[in-house]
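To keep things simple, chains are lettered A, B, C, D, E and F as they appear, and every chain counts its residues starting from 1.
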Amino acid sequence: MKKKWLKSLKTNTPQEGFELAILLAQKGIEYTQPSESIRKKIRPKYSRNPDNLIAASEVIAIHYQTVAAANDYWKSNTKVHF
Amino acid sequence: MKKKWLKSLKTNTPQEGFELAILLAQKGIEYTQPSESIRKKIRPKYSRNPDNLIAASEVIAIHYQTVAAANDYWKSNTKVHF
Amino acid sequence: MKKKWLKSLKTNTPQEGFELAILLAQKGIEYTQPSESIRKKIRPKYSRNPDNLIAASEVIAIHYQTVAAANDYWKSNTKVHF
Amino acid sequence: MKKKWLKSLKTNTPQEGFELAILLAQKGIEYTQPSESIRKKIRPKYSRNPDNLIAASEVIAIHYQTVAAANDYWKSNTKVHF
Amino acid sequence: MKKKWLKSLKTNTPQEGFELAILLAQKGIEYTQPSESIRKKIRPKYSRNPDNLIAASEVIAIHYQTVAAANDYWKSNTKVHF
Amino acid sequence: MKKKWLKSLKTNTPQEGFELAILLAQKGIEYTQPSESIRKKIRPKYSRNPDNLIAASEVIAIHYQTVAAANDYWKSNTKVHF
């Protein structure tokens, strides 16, 4: 697991930051269960289970707080979402 | 999933910020379960299940913290809610 | 759901801020399950279920962090709670 | 529920702040289930259930973050805990 | 429960801060279930239950955020962990 | 448990910070269940259980917020992740 997978918490856009948050959430699972074959076996179950999907979305949300703070919420971006 | 769906974390109002938080919560689920047909199949179940509804509301709450911070809590807004 | 329900995150007192946090927690559920009749049907169950009550209290707590930050923790208030 | 129960988020000590966090956690449950008799009925169950006890402790922890921030972490206090 | 158990959120080291976070997590449980004999009865169960152990670790993590912020993350400490 | 295991919250890189967050999550479990033999017995179960894996990933995410803040989000790092 020593391979380098995380260069920085900076991203160019809020959407790329979201995708980085997803990577961080997955890495938390990978470090806890390093076997890819076990992870692949349980994936079909949990990706159809609402409890698990919502919990996964929560972990992403927590990491997104970190990534967004690391990027000063991309405040220099002058667009408005809606 | 490369399509652009998130332009900015800035919104004009606290309510639009809440709606953006909902979008972020949904996207966390979409990235984890990309199949729309599977998501549609499980939706009726979880949207009637109190555990899932409260958990979904929690994910929204976490994202709303991020969106609110990105908008400096809309502090220039001089209204008071109650 | 386009109706305006949230004017501001500012409130006059910490207690009104708590009541706003409750509103935000409820809205997270409403956006996820828009049908009022379904929400009414499940409410008696979940409001007697300790798991659900504590989870609802947690969502309120997360929103209260946001509302309190938006109000600078009502720091100009010079009272002490206890 | 209009009765005033929260004067301020300020407390004199970190321990009183903790006790305020407990009050906030309880109030989140009270607003969700206003009937005192129902709350009393479920209390014996959940106060012996590890899941519920740990979850209640989590809600307190989240509120304690808010109360501690509102008090600038009682930084003028020059003592050290250990 | 009026006995003084918390002098300060300040600690000399990050590790002592972690141990304070553990104390805060335990106190959240103690205030909710004041009977020591009941707590002792449920302890063997929950300390062998992965759900409970991970949840307890989460409560500690939330309190550690508070304690770390109260100590400015021990930033004057010039060591590096790894 | 008095042995020193945490020197600092500072790390040289965001990835080492993530690995420190994992250590903190594990320590939360170790302090709650000090017996290594019990922890080893339950590990095979929970490391194949999606609920547990996602919950463990959540605890890591919460600690990563703390570690990242302690390192000012490694902002002097000028790389971009994607």
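Keep in mind that, in the parts below, a contact is a pair of C-beta atoms (placed from the backbone, for glycine too) under 8 Å apart; a residue touches a chain by one contact, two chains touch by 3 or more.
Chain labels with UniProt names: A, B, C, D, E, F = Peroxidase.
None of these values were measured; they are calculated from a predicted model.
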Subject >> Excluding chain A, groups that stay connected where the other chains sit >> reply: one piece
Subject >> Chain hops separating chain F from chain C, counting only touching neighbours >> reply: 3
**OP:** Touching both chain A and chain E: give me those chains, sorted by label.
**Re:** F
**OP:** Compute the centre of every chain as the mean of its C-alpha atoms, then state which one is farthest from the centre of chain A.
**Re:** D
**OP:** Averaged over CA atoms, how far is the centre of chain A from the centre of chain F? Could you give it in whole Å?
**Re:** 15
Original post:
Between chain A and chain C, what is the separation of their C-alpha centroids in Å?
Top reply: 27
Original post:
Of all the residues in chain C, which ones touch at least 2 other chains?
Top reply: 19, 49, 51, 55-56, 58, 62, 65, 69
Subject >> Graph class of chain-chain contacts, one of line, ring, star, complete, other >> reply: ring
Subject >> chain B - residues contacting chain C, complex >> reply: 13-15, 18-19, 22, 47-51, 53-58, 60-62, 64-65, 68-69, 73-75, 77-82
**OP:** Under the touch definition given earlier, write down the residues of chain D that touch chain C in their complex.
**Re:** 4-12, 16, 19-20, 24-25, 27-29, 31-33, 38, 42, 45-46, 49, 51-52, 55-56, 58-59, 62-63, 65-66, 69-70
